[in-house]
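Same chain, two partners: subunit A is paired with subunit B first, then with subunit C.
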Partner chain A sequence: MKRLALEAAVFGRSTYLQYVALFQWANPQGYVAYKVLLPVTQILFFVELGVYATGPQNALYFALGNALQLTANAGIFGVIATVANERQYGTLPILLASPANRMVTFLSRAIVNVIDGIATVVVGLAIVVVLFGLNLQHANLLLLAICVVVISLTTAGLGLMFGSIGLVMRDAIIIANIVYYLLLIVCGINFPVSRLPGAVQVLSFALPLTRGVQAARDAAAGASLGQVSGLLAGELLVGLSWALAGYLLFRLLENWARRGGLQEAY
Partner chain B sequence: MRSLARASLSAFRVSLRLRVISTWSYLNWLVFPVLFAVVGLYVLSRPGAASSHVVYGVLGGGLIGYWSVAYLDGGNGIQEERWNGTLEQIFATPTRLWVILLGKITGGLLFGLLAFLPTAAIAYLGFHAVLPNLDPGRFAISLGILTFSFFCIALTLTPLFALWRWAFSMLNGFELGVYILCGFMFPVAVLAPWAQGVAALLAPTWAVRALYASTLSGGPRDFVVWWLATIGLSLAYLAGAYFLYALVERKARISGQLALA
Partner chain C sequence: MAAQPAIEARQLRKTYTTTRGIFRRERVERAALRGVDLKIAPGELFGLLGPNGAGKTTMVKIFTTLLLPSSGSALVLGLDAVKEQWALRKRIGFVFGGERGLYWRLSGIDNLRYFADLYRIPPDVSRRRISELLERLDLSGRERDRVELYSRGMKQRLHLARGLLNDPEVLFLDEPTIGLDPVGARELRVIVRELADAGKTVFLTTHYMFEADAICDRIAVIRDGAIVAEGTPSSIKTVVRDQGIVEFEVVGMPVERLAGLRRLPGVTSVAISEHELAQVVTVHCARPAEVMTQLGVILDGINLEKVSSREPTLEDAYVQLIGDSQ
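Then we have the complex of A and B:
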C-alpha cells in the first residue's frame, strides 16, 4: 500500500513537472499559434476543400472529422515533443539514470497531453458549432464526450509509441509531423476508409481514431452507447496496444541509448 | 557590387547544402506535399468529379510544398541561426542583411520547386490524374511569376523571424490559413466575400489563379491582369521591406535578443 502511494506521488510529481517544464505550448504565443490558429485553420481548410469537392451538404462531415482529429495535435505532437524536449534541454540522461519506476514515468508523459487533447477538441467542436452550425440537438452529448476522452487516450497511446523513438533519434518531432498528417489520410477523417486500398484499410483499423471518429460521428447523430460500444472497445484496445508496445520499446531503446550514449546527442 | 553578389552566392550555396542534409527540408518538399496531395486527390477525385476539381488535387500538394519550403523553411532557417548562435554574427557582419537573405531565400525557392515532382508522380501513378488541357507557355509564366511573389514575400517578412522569436510559431500555426486564402487547393471563389477581399491583397492568390487557369480549357482567362496584379502587389511588398529592414536592423541591436534561443 505504501509502495503504491509512493508510486502515485512520483506519478503526480512527474506529471506536474512534465507540464511546467516540457509542455511546449505553455506560453500565450505558443498556445495561440498551435492550439487556436492551427485548429481553426485546419478545420476551415478541409471544410472548404470538402465543400468545393462534394457540396455544402457535406460540410459537417469534414468539420466533425477534423475537429476530432485535433486530439492528435496533443496526443501525438505533445507526447513525442515531451521526449524530444527532454533531449533538447539535456535532462534525458538524468531521467534515464534515475531509479524511478519506468512505467510511472512513461505514463506521466501522456496525462497532460490527454487533458490538453480534450480541451483542443472542445475548442474545435465549438468552432464547428459556431461557424458551420453543427446541430447537436439530437446528439448523444454524453456519449460524444466519452468518445472524445477515449480518442484523446488512444492517440496519446500512439504518441507514447513514437515518443519512445525519441530516446535514440534526435529529430523525433519529424515523426510527429508525419504521423499527424498521415492520420488525416488513413483514419476516415476526410473520406471514408472504404475508399482506401485493402492493405491501407488494415492499417487504418490498427490505428487510433478510425473507430473513435466513427463512434463520435454516430454519437453526434444520436446513437446510443450500445450501438457504438463495439467501436469504442476496439478503439480502446488499439490505444492500449500502442501504449504497451511503446512501453516495451521505451525499455528496449533505453538500454540501447545508454549503451551508445545516444541520449546525450541533440 | 561584386562583393555583394559573392556574399549572396555564398549564402545561396550554404542554404542549399544545409537543405540537402536537413531532414526538415525533406519533410517540407517531399513528405508534406505528398500527404496533402493524397488527401486532396481522394477528396477531389471522387467518382464523377469534374476535371477542374482534379487539377487542384494534382497541383495543390506541390503548391503547398513550394510555399512551405520557400517561406516557412526560410523562417526556420533564421530560427536555426538563432539556435546555432550565428544570428548575431549575421547582423554584425558588414554585409547587409537583405543580401544574405537573398541568397538563403533563392536556395529555398530552388529546393521548393522540387515539391511538384513527388506530388505530380503520386497524382499520375496513384490516381491516374493528369493535366490534359495544360497550356505550357502560360503555365511556365504563371509559375515564374508565382516564384517572384514567393521571393518578395519571403524577402519582406523573413527578418521578422529574427526580430520576434514567436513570429515563426504564429506563421507556422497559420500555415493552413495561407493555403485557404491563396487558393492552393480550391478556388478562392468558394470563400466568404470578406475572405476573398483579404485574399485579393495577397500576391500569390493571383498567380495561383493564373496557374490553375493555364491547366483548364474553360473559365476566365485574364492572364495579363492576374500576372500584373501579382507583380504589382509583390513590388509593393518590396517597397515596404525597405522600411522594415531598417527597423529590424535597428530594433534587433536595441533589444539584444538575437542570441536568445
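Then we have the complex of A and C:
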C-alpha cells in the first residue's frame, strides 16, 4: 500500500512537472487568453453564424455544442503539443533513451490535459449561461458533469493517437489543427450528425465527442443516466480504442524512429 | 584489456536512407559508419576524434540505444544495444553538447527530479543524489532558478548532472564542451577526468585535440565512418614522428597558389585556416628546411609573414590522419 502511494506520488509529480515544462501557455495572461478569450470568440462566431443561417431559436444548440467541443483544446492541442514540444526542446531523445515505463509516460501525457479540458468546458458553459441565458434549472447537473468528464477523457484518447505521430513528424501541430476542425464539423457540434452524408456519419461515430455531446445535450435537457448510458458507454469505448491505438502507434513509431534516428529532427 | 570490454563495436555499420524529390522520389543512401571495430576497457576515458559528419554522434546514438545499426553489433557492459536496450538504459548515462535537452521553464532541481523519475530512482536515493550532484557541479544556490536564466556553462553542468543521476557505469559525452568559454570547458574537463578516476568508463567525442590530449587515456580518430588511428595520445603522435611542420601567414592569397606547395616532394598535407584578416598555412612535410627554401619561389610575389618550422603536435597528427582540410 505504501509502495503504491509512493508510486502515485512520483507519477503525480512527474505529470505536473511535465505539464509545466511543456505547456506553451504557462503564464496567467497566456492561460486567460487561451482559456477564456478563445472560447468566447469561438462560441460567439458559431452562434452568430448559426443564428444567421437558421434563426435565433437555435442559438443555445450552437452555444452548448461549442462549449462542449472546447475540451478538444486541451485533449487534442494540449496532448499533441507535449510531444511536439519535447522534440522542439531536444528532450525527446532523453525521454526515449530512458528506461521509463512507456505506458505510464504515455498516460501522463494525457492526464493533466483531461483536467484542463474539464476546466475549459466549465469556462465555456459559464460563458453560455452568462451570454446566451442557458437555463440549467431542469438540467441533470451531475449527469452533465459526468458527460464533461467522459468527453474530456475521450478527446484526450484521440489526442494521444495523433500525439504519437509527433515522434517522427516535426509538424505534428498541423495535425492538431486538422483534427480540431474536423471535430467541429462532424461531431454534432454545429449541426446534427443526421444531416451529414452517410459515409461521413460513419466517421462521426468513430470519433469521440459525437455520442458524448449528444448525451450532454440530453443531460442539459434533464435526461437521466439510464437514458444516456448507452451513449456514454459508446463514447468511452471509442475514446479507449483511440488511446489504445495511440499507444500501439507510439511503440511502433518509437522503433521506427530508432531505425532512422528521427528523434532529434525538429 | 579486461576479459569483457565496457564498450565494444564489432563491424558496426550504419547507412542512412533518405528520399528526395516530390514527384520522382529518389532514394539516397549515406554511409555514416563503415565497419567500425572498437574495444574500450572498464574505467577507461576514451576519446573519439573526428571532423563534423565523421560518424561520432551516430556511434554515440547507437551505443545509447537511440539508433539501430544497419549491421554489426554494439555492446555496452556486455549488453546488446539493439536487443537488450531496457537493461542497458538503466546502467548508462549520456550527455549531448549544446543548450537543448533541458526544460527551460523548470528550475534546475525540477529538471533533475523529473529525469530521476524517468529512471525510477527511489525518492530517498534521488533526493540525496541530486543534492550531491548540485554541490559537485557547482549549481548549489541556483538550483531553484529557471534553467532559462542559466549561463551556457551552467546548462552544460546541469546536463552532466542529469547524465549522472542514475549513477551510470558508462557515460557517453558527445562534444560536451562545445560552445563553452575556456574556463567553463576546463572545469568540465576536470570533472570528466575525475569521473574516470573514480572508476566510470567515459566515451567522449570531441574535435578539440588539446581536450583529448589533456584528459583521454586512449583515443581513436574517425574519418568518413571508419577508424583511421587508435591508441594513446603519444602513440597517435608517432604518425607524424618523421615529419616537421612549416607554418606561415599570408593575406589575401588565392587558394590555388597552394597547388605548387602540395606538389613538392615530401609534402603530405597542406591546410589553410583563417585567422582574423590573415590566412595561416600549415604544411606537413618530411623535409621542412627544403620546403622553406622553396616557399619564396612557389609563392613569388606574395608577402609571407611569420614563417616558422616546429615539431608536430597531436593536432598535426590529426590533420595528417584526416587529410588536407580547410
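Note that in this section the second predicted complex is superposed on the first by the 254 of 266 C-alpha atoms of A that agree within 3 Å, B and C clash if a C-alpha of one lies under 4 Å from a C-alpha of the other, contacts with A are read in each partner's own complex, and residues count from 1 in each chain.
One rule holds for everything that comes next: contacts are C-beta pairs under 8 Å (C-beta built on N, C-alpha and C of every residue); 3 or more make two chains touch, one makes a residue touch a chain.
Since the structure is predicted, the reported quantities are computational estimates derived from the model, not experimental observations.
Trainee: Which partner chains sit in contact with A:Thr54 here, subunit B, subunit C, both or neither? Use first/second/both/neither.
Mentor: first
Trainee: Should A:Tyr19 be classified as contacting the first partner (subunit B), the second (subunit C), both, or neither?
Mentor: neither
Trainee: Have a look at where A:Val32 lands relative to subunit B and subunit C in the superposition and call it first, second, both or neither.
Mentor: A:Val32 contacts subunit B only, not subunit C.
Trainee: I'd like to know which partner A:Arg258 touches here: subunit B for first, subunit C for second, both or neither.
Mentor: second
Trainee: Quick check on the superposed pair: does A:Phe205 touch subunit B, subunit C, both, or neither? Answer first, second, both or neither.
Mentor: Neither partner.
Trainee: Once bound in the complex, which stretches of subunit A touch subunit C?
Mentor: 6, 9-10, 13-14, 17-18, 20-22, 26, 89-91, 93-101, 105, 258-261, 263
Trainee: In the complex of these two chains, what residues of subunit B are touching subunit A?
Mentor: 23-24, 27, 31-32, 35-36, 38-40, 42-44, 46, 49, 53, 56, 166, 169-170, 172-177, 179-180, 185-187, 190-191
Trainee: Could you please specify the touching residues of subunit A with respect to subunit B in the complex?
Mentor: Within the complex, subunit A touches subunit B at residues 29-30, 32-34, 36-38, 40-42, 44-46, 48-54, 171, 174, 177-178, 181-182, 184-185, 190-191, 195.
Trainee: Okay, in this complex, where on subunit C does subunit A touch?
Mentor: 16-17, 58, 61, 64-68, 86, 89-90, 94, 96, 98, 100-106, 110, 113-115, 117-120, 123, 162
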